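Here come two complexes built around subunit A, the first alongside subunit B, the second alongside subunit C.
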Partner chain A sequence: MLKIIIPTIMLIPLTWMSKPNMIWINTTTYGLLISLISLFYLNQPNDNTLNSSLMFFSDSLSAPLLALTTWLLPLMLMASQHHLSKEPLTRKKLYISMLILLQLFLIMTFTASELIFFYILFEATLIPTLIIITRWGNQTERLNAGLYFLFYTLMGSLPLLVALLYIHNFMGSLNFLMIQYWIQPLPNSWSNIFLWLACMMAFMVKMPLYGLHLWLPKAHVEAPIAGSMVLAAVLLKLGGYGMMRITTLLNPLTNFMAYPFMMLSLWGMIMTSSICLRQTDLKSLIAYSSVSHMALVIVAVLIQTPWSYMGATALMIAHGLTSSMLFCLANSNYERIHSRTMVLARGLQTLLPLMAAWWLLASLTNLALPPTINLIGELFVVMSSFSWSNTTIILMGINIIITALYSLYMLITTQRGKYSHHIKNIKPSFTRENALMTLHLLPLLLLSLNPKIILGPIY
Partner chain B sequence: MLRTASWPRWGRTLLARGLGSRRGGSAPDQNGKVSEIKKKIQSVLPGGAWNPLYDTSYLPPEHSDVVIVGGGVIGLSVAYWLKRLEKPRGAIRVLVYSRASTVLSVGGIRQQFSVPENIQLSLFSIEFLRNINEYLAVVDDPPLDIQFNPSGYLLLASEKGAALMESNVKVQRQEGAKVCLMSPEQLRNKFPWINTEGVALASYGMEHEGWFDPWCLLQGLRRKVQSMGVLFCHGEVTRFISSSNHMETRSGEEVTLKRIHEVHVKVDHSLEYQPVECAIVINAAGAWSGQIAQLAGIGKGPPGTLQGTKLPVEPRKRYVYVWHCPQGPGLETPFVIDPSGVYFRREGLGNNYLGGCSPTEEEEPDPGNLEVDHDFFQDKVWPSLAQRVPAFETLKARSSWAGYYDYNTFDQNGVVGPHPLVINMYFATGFSGHGLQQAPAVGRAVAEMVLQGHFQTIDLSPFLFSRFYLGEKVQEHNIV
Partner chain C sequence: MNMFSSCMITALVILTLPIIMSSTKLYKNKLYPYYVKTATSYAFMISMIPTMMFIYSGQETIISNWHWMTIQTMKLSMSFKLDYFSMIFVPVALFVTWSIMEFSMWYMHSDPYINRFFKYLLLFLITMMVLVTANNMFQLFIGWEGVGIMSFLLIGWWYGRTDANTAALQAVLYNRIGDVGFIMTMAWFLLNLNTWDLQQIFITTNDNFNLPLLGLLLAATGKSAQFGLHPWLPSAMEGPTPVSALLHSSTMVVAGVFLLIRFHPLMEHNQTIQTLTLCLGAITTLFTAICALTQNDIKKIVAFSTSSQLGLMMVTIGINQPYLAFLHICTHAFFKAMLFMCSGSVIHSLNDEQDIRKMGGLFKVLPFTTTSLIIGSLALTGMPFLTGFYSKDLIIESANTSNTNAWALLITLVATSLTAAYSTRIMFFALLGQPRFSPMIPINENNPLLINSIKRLLIGSVFAGYIISHSITPTTIPQMTMPHYLKMTALAVTTLGFILALELNLTTQGLKFNYPSNYFKFSSLLGYYPTIMHRLTPKTSLTISQKSASMLLDSIWLENILPKSISYFQMKSSTLISNQKGLIKLYFLSFMLTMILSLLILNYHG
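This part shows the complex of A and B:
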């Protein structure tokens, strides 16, 4: 693992010591190289874990997420180039350092083998994200957004710290590899119920669960593009990953403790999808669609069946790439028109046809078109929830329809129709933007050829 | 941490109070302190408006979708219709409030124009004004009373203008205005106080014409528009930050298209300004639209080309005089417009009248200030008034004021629609004295242009900016 971590740490001196006209090129290229290294970890020959050291390991669940994280850094850097072009040099370097720091913490989080280590890094990822949102966001509301983001996550994760310390005391070690062999079924008592809640709430807030999702639209909308990308693609998956790891400790309480959260997720899925239909702000629409997709992941993780775990993992990777791509597209709109309202920028297909192609593909993957991995994830989740309870198929079906509705609504409003008069002279798509979209789309489409990489440890 | 920093401050004041005076009355102080603490806590919690750095509530926001420069009736009308016609969405608008001429207007509304589009605009506006409480209703606020006096307009024409008036009335009737032509004989019968010497023909608007209170309309619009979520701010636009693109038209010639990215709004009495990032700018600045257009770079180029075509709107000062005349015409006096250009109307129920005259080109007053020239009344207005209405020989001038026309020097008709080169600037200005009566309809037209890309209800394509370059005048003959 050090072969990824040390290069990532060294990216920081790279930004500070590069020549001013080379900072973007250097960091993006080396970021891509680091992501190529992380691809090696995807080769998991058995369902055991690949242990690098006492502190780091990777298995088929964390390897795809690791690859996603490292892949995303160069993409974030490419996306941020335009809106940072007018800032002074030091501020640009600071921004890049924040992104690299965040990347570092995320890599270590996904590969941490000890739960306290995981927790420390889980909390540490909040700091660079908060700095990026509040310092480089666009509107005055970003202060509020940062506050919501920070305090929701902190409130949720403080009980987790207490629970982890208790479990460490009780079991002697929190090393994940040992836990697998030492766990005993958790007897049903009030204190164990609170233990379950304490362990799960942090990840529920992070996912986010429907009732605790208020921070997400604010943070996503107010963050600059790199912030939105990393939030949507990776930080949300921290919650899913954490839930999948920690539910091994919490059986059999999960069987009945999961009910309220299942209800909230199933209902929240439909609610947030419906909100998407009425959104006028483009980024807000994508943010709510993230909540909707993550609700599916929560349902899958709480059911705890093999197929649902496969679906959850696939959905996390697929959603990461799709959501990040949608945010990049929305940002390319915003940089030209300086407004996020959908209705003010209509009919872009006539003006920017190649970008319209990326919009089409991103919307199609968002609505889970076969044979993309989005569909595989959703389908596995739907099937396993059907076997858990037959009635959920109705809710899942309604959600799929509404997802299709709002994805197409977004596509048609921004791309089709006659263009509005005041966007006649927008700059044509830059090669950088087209490269960005391609780099998002290529993994997504290639994975549909070989999805078993991302189907997780149960496959 | 900041809250604890404020505790010692309180402690010190409490101590000072204790040392200074030990009288009774500490109980209300305690209550005051408690409510202060409560207010502070509430403002810090999420949802409150606490800014830890400094209070910037007087500044406009940093970002807005549409910025409307000009807070008079036209700007407010555009804001109202934009909010009303949008498929529900939360596009924010910011109004930059500059000095508005609206409340200085005489407040008349008529359909007796010669250009059909003007007639249609007035017809819609009168329908808006008649149903103003359905359009501008705000929950929990009292209904509006714009004091519409439907007394009609009476345009008098001499021999020379009689034929023109007949053709105008035909156009008006085609559009749906109810106007009747009167001979001098009929005039004397209906209005015995008129001296019909020199009058060959008169056109009298029988319905939907009259005058109303412009201040009330402005207040009603402002209230409604604020309730719909439009943001107001006071300030002055000092700069536009824009970017240009060199593009080629289909015929191969090069054009430079500009796009405004930011509007710098300067706060009054201070050097502070706020850059407002915006997608669309609407120039409804009335008499100052020409300056705003120059800031955006309209007109910078060799004259005769599209780049070099300026916005030909300039402020023109017009005087309005109020006089008292007990023997004057009665309560059914319409808004009379003399062939010499003098106009007057009844004001209130106490035998007061107000009126004025548009000066000729040579005697244009200096628009630098709003000082009233009383000699103008004595020399130009009173003689014509006295000649037309003999009872006005014994009038006594009461007061007067001056206001600006946003005078379109090209053809005295409004400019509506986008600019061909500065892509995201829309105009709604240049109405040369009849802006107030067309404001609701113009607002709707501009909103349709912004939201749908073309005029839907009333086609105002003759009023687009490109006519200045192409030289197509839309000459309005019935301008006061």
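This part shows the complex of A and C:
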């Protein structure tokens, strides 16, 4: 694992020592090279794990997320060039360093083999994210958003620390690889119920579960583009990843503890997608759509069948790329119109035809058009929830309909119709932006050819 | 390895070539539409080879190549089913598309993005081919969703128009409701039969197929615009006329019926679903025929008549005659596509005028279009020995002699009669009588692109039914003997419809227009369905999502209960407990008082 971690650390000196006009191109190229290394982990020759050391390992659950994380850094760098163009050089370098630091923590989080280590890094990712949101956000509300972001996640995850200490005390180890052989079924008692809650709530808040999701739209809306991208693409997936790792410890309590959270997610996914129908704010719409998609992942993880785990993993990767792409598109609108309000950016297809093609493809992947991996994820989740209870198909069906509706509503409002006069003299779309969208779409399309590598440990 | 599968694959590969070439310079070329059209025609000719072989020897093939993935015990691979249905439908669809593409070279010639239009048409055709030839449900779903999205793009082709965008969104929405049924069926098959392969589904037995078949019925209802999910089809007429001719008459909308035909082995023993299908089809065919009676937009009339014919196909499936329904799909494709093209020709000639009240007397100025329109309408009504006759007459006969639901069959008969009535109305208002359009419009239909494309379908509308029904032996045997009056019913009700409509039109032409009656309003307002469903439902759901989901739950409850209340109580309690309240004036005042007092006391003390 050091062959990814050390190059990532070395990105920081590269940033600070590069010539002023080379900072973006150097870091982006280097980041892309690192992401190439991470692709090797997708090949899992033996069905268990690749143990790199006592501290790091990767298996087929963490490898796709790892690849996603490393893939996203160059994309974030490409996306935020315009946003930072007016900043002094030191601040640019500081910003890039923050992104690199975040990537470093994320890589280590996804590959940590020890729960406490995982926990520490999980919390450590908050710091660069918080700085990115509150320092480089666009409006004053960013401070409020940072407050929400920090407090929700911290409040959720502090009980986890206590729970982990307790588990360590009676199990003797918190190593993922060993725990799965030592694990005893938990007896059904009040204290164990609290243990379950303490373990799961940290990740439920991060996902976020409906009801605890308020921080997400705020953070997404106020964050600069790179912040939104990494939040939607990777940070939310930490929750899903953590849940899938920790549920092995919590059997058989999950069987009945899941009910209220299943209910909340199924209900919340419809609520959040119907909120999307009434959004006027483009970024907020995309953020709520993330909440709705993540609710599907929560449902899948709580059902705990092989099919649902496959669906959850596939959906996480697919949603990571799709929502990140949507945020990039929203940002390219924002850089031209200087507003997130959708009605102000109508009829852009006439002016930016290529951008309209990206919008179309992004919306189609968001509504899970076959045979994209979004569909595979959603389909597997629907299958497993159907086998869990036949009636969930009604809720899932409503959600499928509303998802299609708001995705196309977003497409039609921004791209179709007549353009308004104040956008007559906007800049054309840059090659940088087109390359950015292509780099989002390529993995999505190529993964549909061979979805097996992102289906997680049990295919 | 014989030529059967290789020719079929060649035909499909030829279709993808212009799509691949669209990334090269060729796409910038003015001749791109021509290439696309030629590719389609070649694909048609090559696909005729395996079809001939199939007609001759009756061999069916399943090609299974590229293995996609294996999930636990389920194998998913790319697999084509070249059986009766796909082998007949593919050449028909290719033939119709060929003509429509030639037609759109004329119709869309002034469009700056005509190349993209052709690419979309071709993409649509490919997804349709995927749908028709799919051998597993996943592949079928790819085609199924693909045609839906392509219809979204093609209906919203003129994206500057709000109506076009609304219609496109409406089409996707209604289709999506159907997709939920499809997904449920997939889930059920996966759960209970552990397979998505068609032949594996058919050989597995299960006691109760009600649930998956209901899902399929819902899917077909959405895609084929059956009653309840029907309004998107007339709205889709906002798209360009070639799109209406291709998608909304001959290919995409029959996909729902095609799906039910595909899954017929499961359906043929299930009385409940058959009755449901029959009733649904009967209601659709009557309701849409009634709606067609009072429409004035020529494309809307044809669209409603499509919907009505789709209902008729559903009725046929409901009376357990899937092969007849399939025959009707094939024959219907020819004359309905031609009717759309004729109306396109009329609309284009009259300077984008779609209202039949502003036409009239076109038989003088557009003789060829008039001829084709009349032949198409006659074929639609099932005039003997035209294409429609061979399927429609058989359908009505087998409906008359079957012993199922009598009122559903009666409704179908009424709808058949109404078909003749609204066809008469088009002919009477648009073609006959005195011209009512502006005399300043130069009318010219002598364009080889237009003439040839319509001519090809015209020949199809006259002979295709005969050719198809004679080369393919129907696998289910229709009723052979019946009394005279049953044999003549179809013809009699059609003739009745013609005569009545003609007489009514002639008598009422000179009359003063009274305040419309309630029956008229029911028909012209489409049964009040859009008024109710397109106002009430979206308004309620959007209000609910605004008021309850967004305002009440998100902004009030969730925000107040957790973050706001916590910070509020923290603040209150801290101010309550703390004795330092920041009241500077008071503190200074008390300080001053103490100072003064101490000064005074100290002074006087000493």
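Criterion: the second predicted complex is superposed on the first by the 458 of 459 C-alpha atoms of A that agree within 3 Å, B and C clash if a C-alpha of one lies under 4 Å from a C-alpha of the other, contacts with A are read in each partner's own complex, and residues count from 1 in each chain.
Please note the rule applied: contacts are C-beta pairs under 8 Å (C-beta built on N, C-alpha and C of every residue); 3 or more make two chains touch, one makes a residue touch a chain.
This one's a predicted model, so the numbers in the text were calculated from it and none came from an experiment.
Asker: Scan A:R278 for contacts with subunit B and subunit C and give back first, second, both or neither.
Answerer: Both partners, subunit B and subunit C.
Asker: In the overlay, work out which of subunit B or subunit C sits against more residues of subunit A.
Answerer: Looking at subunit B versus subunit C, the one contacting more residues of subunit A is C.
Asker: On the A-aligned overlay, A:T350 touches which partner chain: subunit B = first, subunit C = second, or both, or neither?
Answerer: In the superposition, A:T350 touches subunit C alone.
Asker: Which of the two partners, first being subunit B and second being subunit C, lies in contact with A:Y148: first, second, both, or neither?
Answerer: So A:Y148 meets both subunit B and subunit C here.
Asker: Looking at the overlay, does A:S189 come into contact with subunit B only (first), subunit C only (second), both, or neither?
Answerer: So A:S189 meets neither subunit B nor subunit C here.
Asker: Looking at the overlay, what does A:T438 touch: subunit B (first), subunit C (second), both, or neither?
Answerer: A:T438: touches no partner chain.
Asker: Just to be sure I read the superposition right, which of the two partners does A:L379 touch: subunit B = first, subunit C = second, or both, or neither?
Answerer: second
Asker: Would you check which partner chain A:K418 touches, where first means subunit B only, second means subunit C only, and both and neither mean what they say?
Answerer: In the superposed model, A:K418 contacts both subunit B and subunit C.
Asker: In the superposed view, which residues of subunit A touch subunit B and also subunit C?
Answerer: 148, 151, 278, 418
Asker: Which of the residues in subunit A come into contact with subunit B in the complex?
Answerer: 138-140, 143-144, 147-148, 151, 278, 280-281, 337-339, 341-345, 418-427
Asker: Name, in rising order, each residue of subunit B that touches subunit A in their complex.
Answerer: Those residues of subunit B that touch subunit A are 46, 51, 56, 61-63, 65, 86-91, 245, 247, 257-259, 261, 277-280, 418, 423-424, 426, 449-451, 453.
Asker: Mind pulling up the subunit A residues that touch subunit C in the complex?
Answerer: 148, 151-152, 211-214, 271-272, 274-275, 277-278, 306-307, 310, 347, 349-350, 360, 364, 369-371, 379, 382-383, 386-387, 390, 393, 396-397, 400-401, 404-405, 408-409, 412, 415-418, 450-452, 455, 459
Asker: Can you tell me which positions in subunit C touch subunit A when the two form their complex?
Answerer: 69-72, 138, 141-142, 145-146, 149, 152-153, 156, 159-160, 162, 165, 168-169, 172-173, 176-177, 179-180, 183-184, 186-188, 190-191, 211, 541-542, 544-546, 549-550, 553-554, 558-559, 562-563
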